[in-house]
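Multiple structures are listed underneath, in structure tokens.
Here come two complexes built around chain A, the first alongside chain B, the second alongside chain C.
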Partner chain A sequence: MAEGERSPRQLLTIGVVGGLIGIYLANYLNSTTGTAWFSFFAGLGAVLAVFWGADAVRRVASYGLGTGVPSIGLLSLGAGQVAVLLGLAVAMNYSIHWAAPIIALILAAIIGLVSGVMARRVIKMNIAIMERSMMEIAMAASLIMLGFSTTIAGGFGFDLIMKYVVASGFIIAVFIVGGMAMLHPFNACLGPDERQKRTLNLALSTGFIAMLVAGIAAGAINGIQAAVPTMIIAIFGWIIYYLRFFADTKQDAAAVLSTGLLPKEEEVA
Partner chain B sequence: MFSLLYWVWIILGGILIGAGVHFIPVGGAPAAMSQATGVGTGTTMLAAASGLTGLIGAGSAYAATGGDFGYTIVMGGISAALMISILAFIANVMYVYGAGVPLASAKVKYDPISKWRQDLYVSRGTEGHGTPMSSFISGIIGAFLAGVGGALVYFALAASYAGIPGFGATFAGYPAPYYVSLAAAFAIGIFFLNCVMASYNIGGTIEGFHDPKFRRLPKSILASLVVSAVGGLFALLIVVMLPGGI
Partner chain C sequence: MDPQMMVELGALTLVGAAALIAGVAEDLESDVGSQSNPNSQVQLAPQMGYLHRLYNKAISGEPASYPFYAAIGASTALAVLSITGNSSLIGVFFALVAGAFVTSLIHGVYATTSYMGRLASQSRFGQPIYMDVLRTHTPVLMAHGFVANFSVLLLTWVIIAQHFSPFPFVVLAFIWGIALGGVGSAVGDVHLGTDRYYQDRPYGSGVNAAHSGSVVRKAESGLRNSIDCAWFCSKFGGPLTGLGFGLVVYLHFWKEVVVTGWWSVLAGVIIVVIFIIMNTYLERYSRQRYGTYKAEAEE
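Right, the complex of A and B next:
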């Protein structure tokens, strides 16, 4: 870990605590006020989970997976999706609605750990942090799925998510866009000059793009109450962090040169 | 209701998906620059393309026949095999007429199926290019297996969820009931779990059944077995957790 970087533990705390707070705020403020104005909190929580997940992807994929960075992101989204819906169903069955996100997080950790153990011990991938990373990425994936699903549905009850996210088909959009937000930053920045700050600024930018998609979907379910605040915050977040990423890129580059326009035909010869 | 048979089907489906990936000619990034044999993209994308087509085929067969087992499974396999042949064929057209390289494998001297000489046509410094005969046939077999696996997972999940009270409802004007959406979403999740495990096993690239890496198959079967057992159990526990439906 280079100087000035955020430690894995710090990012885990940001992701888990931030993600859960966002999801709880959205659910309880929405249900207390009987509106959908507060759905954007869950989106912000999911963006923080993207922030954490992108760093976990960054740590494990820098060993070289051999299959491209997207593979681990999609694997964990697959694990996270099953964990989220089972977690919501368990909470519904035992009437512990408040515990649903935490149960989903624990179940995601179990599937992630099993996949990590299989990848390292059976398939014998030579990556020392495989188990821990797979677990972290699956947990981040479950928070991303649950966060964006809560933004769309306005709450995290199994019935709400089932009806408004799964049956409406938005779950596939959440799956792919949430996954892209988490795996794209390292995929785009990898190389010998990769730097955590730049990758994570890109992660926040892609996270806000995913939030924008969730905002559009939320508009179809809960109307402008859910869509307008989510989309405004997402657009501003995206612009701010994309500009920061751009500034970081310029700072890290050896030189920024203009190549000019394409040469005219006679000049080529 | 929770059925042990469905769990076994999900595990079997997961193993078939993992095994299928070993047959598919995955070239990865080098193949995209026509420097290795196979279709020029990663396993995740390739398996997802054929697997999801298989799932669409299986899903439409399931809906059209009211849940006929054989028809669903066969349609899943055929749709996936069709997709991979289209993918490999179009990629071959681009390799031959666009990049200007012959289709050849660097892993074998003679193609096991067509018996054509390979090593003479491999450009120096590369590991072959395009999808030659054996890899093509191997890909069709692999996609069929993976499609059958995905269809088995889908069938088991859809048949389990169809019994949950309230899951026969539909969202707005959509024709598909709840249980179809949930089964499809989970089938995609379990598909990705298994195909990524298998792609880690082959280290990202493979040419087909004639590739030496194919011998690693047993490890992948064990990994798929465990991963889909846990994933499948979680997916099926939803049935147990919702006795009263929603």
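Right, the complex of A and C next:
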């Protein structure tokens, strides 16, 4: 870990705590007020989960996964999706509605761990941090899925999610848009001079794009109440972090030229 | 012929045409961005000392990025339809346009991040980021992406409206996105990867590991950019991809419309067998005509 980087533990805390708080706030504020104005909290929670998940992808993929970056991201999203639906169903079955996100998180950890063990012990991918990373990515994925699903449906009840997110088909948009938000930052910044700060600023920017899409989808379900606050926050968040990513790029790149021919060999240090 | 079938055949033609356009636009879009197969070579070039002015857009591979665009477009179109209602045809049309428009904006943003991100991560090799490349290529990508995505949304909508499929709109658009990306990657890349980036190597020799990243960087006049690649591929690779995807979509629904029930599965098997025979014959013919692949001459 280089100087000035955020540690995995710090990011895990941000992702888990931030993600859960966002999802719970959205659900309970919406249900107590009887509106959908607070759906954006779940989106913000999911953006923090993207922040954490992107770093987990970054750590495991820097072992030279290359084209495997999207694969590992989508695999974990699948694990997260199964965990979310199973978690919601288990919570409904035992009438512990409030515990659904936590159950989903634990199930995601188990599924992630199993796929990590399979990857390392059975397929024999020689990556030391495989189990832990798969676990973290699947957990982050479950929070992303649940966060954006809650934004769309207005709450995380099993019936709500089934009716408004699964049956309407938005689940697949949440899956791929959330997945891209998590796997794209490292995939885009792949290379020997990759830097955590730049990658994570990009992660926040893609996370806010995913939140924008969730906001648009929420508009189809809950109308202006859900869509407008979510979309406004997402657009502002995206602008801030895209500009930060751009500033980091200018700082890190060999040169940013408005135009020009290729540098001659003696000009390249 | 009963009227229902006439309508279905009309819808089938529209779906096939939309698929053809989607295929052409998709392939040219991925060529401008050197996505998928050629991407690793463009990515590798600066590391091997070949600095370039090519666009490098890795929004995952095409089979993952196209469902991503299609899902965004379909969600947006549904959100617009939830306001306007889907009773009027022109309303549906504009909703699909809105979906494809929002998608192309997000596509453009993602494309810029991967161009800048990857080149900034290669700073030790001295590869500069050219802002004019970013400014000229991104709108081209977005425009081709718009056409491809609109066509996917249109064909999905026709399929849903004609009750050809039990899936919800967003899921079906996603599935056709995967199919489009898959065809674009499988058919289109063949005509970009080695044809355009390794023009100085004998055809069919494959790329020797020693030549990895040694992409063609100079054009007929001046320096090669990725829009040149789209120009090159628009002659053959793009239309061929369109034909590929158009045939996949058209033949799939043709057998559903014309042959019903379980017989359509049998028809599908027959179509696949015919293609296998045709491909075998074609490969045998070209091997006999042009000989076996030549080994690359030692330099």
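Basically, the second predicted complex is superposed on the first by the 257 of 269 C-alpha atoms of A that agree within 3 Å, B and C clash if a C-alpha of one lies under 4 Å from a C-alpha of the other, contacts with A are read in each partner's own complex, and residues count from 1 in each chain.
Keep in mind that, in the parts below, contacts are C-beta pairs under 8 Å (C-beta built on N, C-alpha and C of every residue); 3 or more make two chains touch, one makes a residue touch a chain.
Predicted model only: the values in this text are computed from it and were never measured.
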Inset, instruction - Overlay done on chain A, so just call it for chain B and chain C: clash or fit. - result: clash
Inset, instruction - Pick one for A:89: touches chain B only (first), chain C only (second), both, or neither. - result: first
Inset, instruction - Using the touch definition from the top, say if A:163 reaches chain B (first), chain C (second), both or neither. - result: first
Legend entry - Partner chain(s) touched by A:107 [first = chain B, second = chain C, both, neither]: first
Inset, instruction - Kindly classify A:172 by the partners it touches after superposition: chain B alone (first), chain C alone (second), both, or neither? - result: both
Inset, instruction - Going by the touch definition up top, name the partner, chain B or chain C, that contacts more of chain A. - result: C
Legend entry - Touched partner set for A:67, first chain B, second chain C, both or neither: both
Legend entry - Clash-bearing segment of chain C relative to chain B, given 19-27, 145-153, 199-207 or 217-225: 199-207
Inset, instruction - Pick out the shared contact residues on chain A: the ones touching chain B in one complex and chain C in the other. - result: 66-67, 70, 74, 167-169, 171-172, 175
Inset, instruction - Going by the contact rule at the top, pick out the chain C residues touching chain A in the complex. - result: 40, 43, 47, 49, 51-53, 58-61, 64-65, 67-68, 71-72, 74-76, 78-79, 81-83, 102, 106, 109-110, 113-114, 116-132, 167-172, 174, 217, 223
Legend entry - Touching residues (chain side chain A, partner chain C) in the complex: 66-67, 69-70, 74, 167-173, 175-177, 180, 183-185, 187-195, 198-199, 202, 205-206, 209, 212-213, 216-217, 219-221, 223, 227, 242, 245-246, 248-249, 252-263, 265, 267-269
Legend entry - chain B residues touching chain A - in the complex, by the definition given at the top: 28-29, 42-45, 48, 169-172, 174, 176-178, 181-182, 185-186, 188-193, 196-197, 199-201, 203-204, 219-220, 222-223, 226-227, 230-231, 234-235, 237-238, 241-243, 246
Inset, instruction - Mind listing the chain A positions that touch chain B in their complex? - result: 65-68, 70-72, 74-75, 77-79, 81-83, 85-86, 89-90, 92-93, 107, 110-111, 114-115, 118-119, 122-125, 158-159, 162-164, 166-169, 171-172, 175
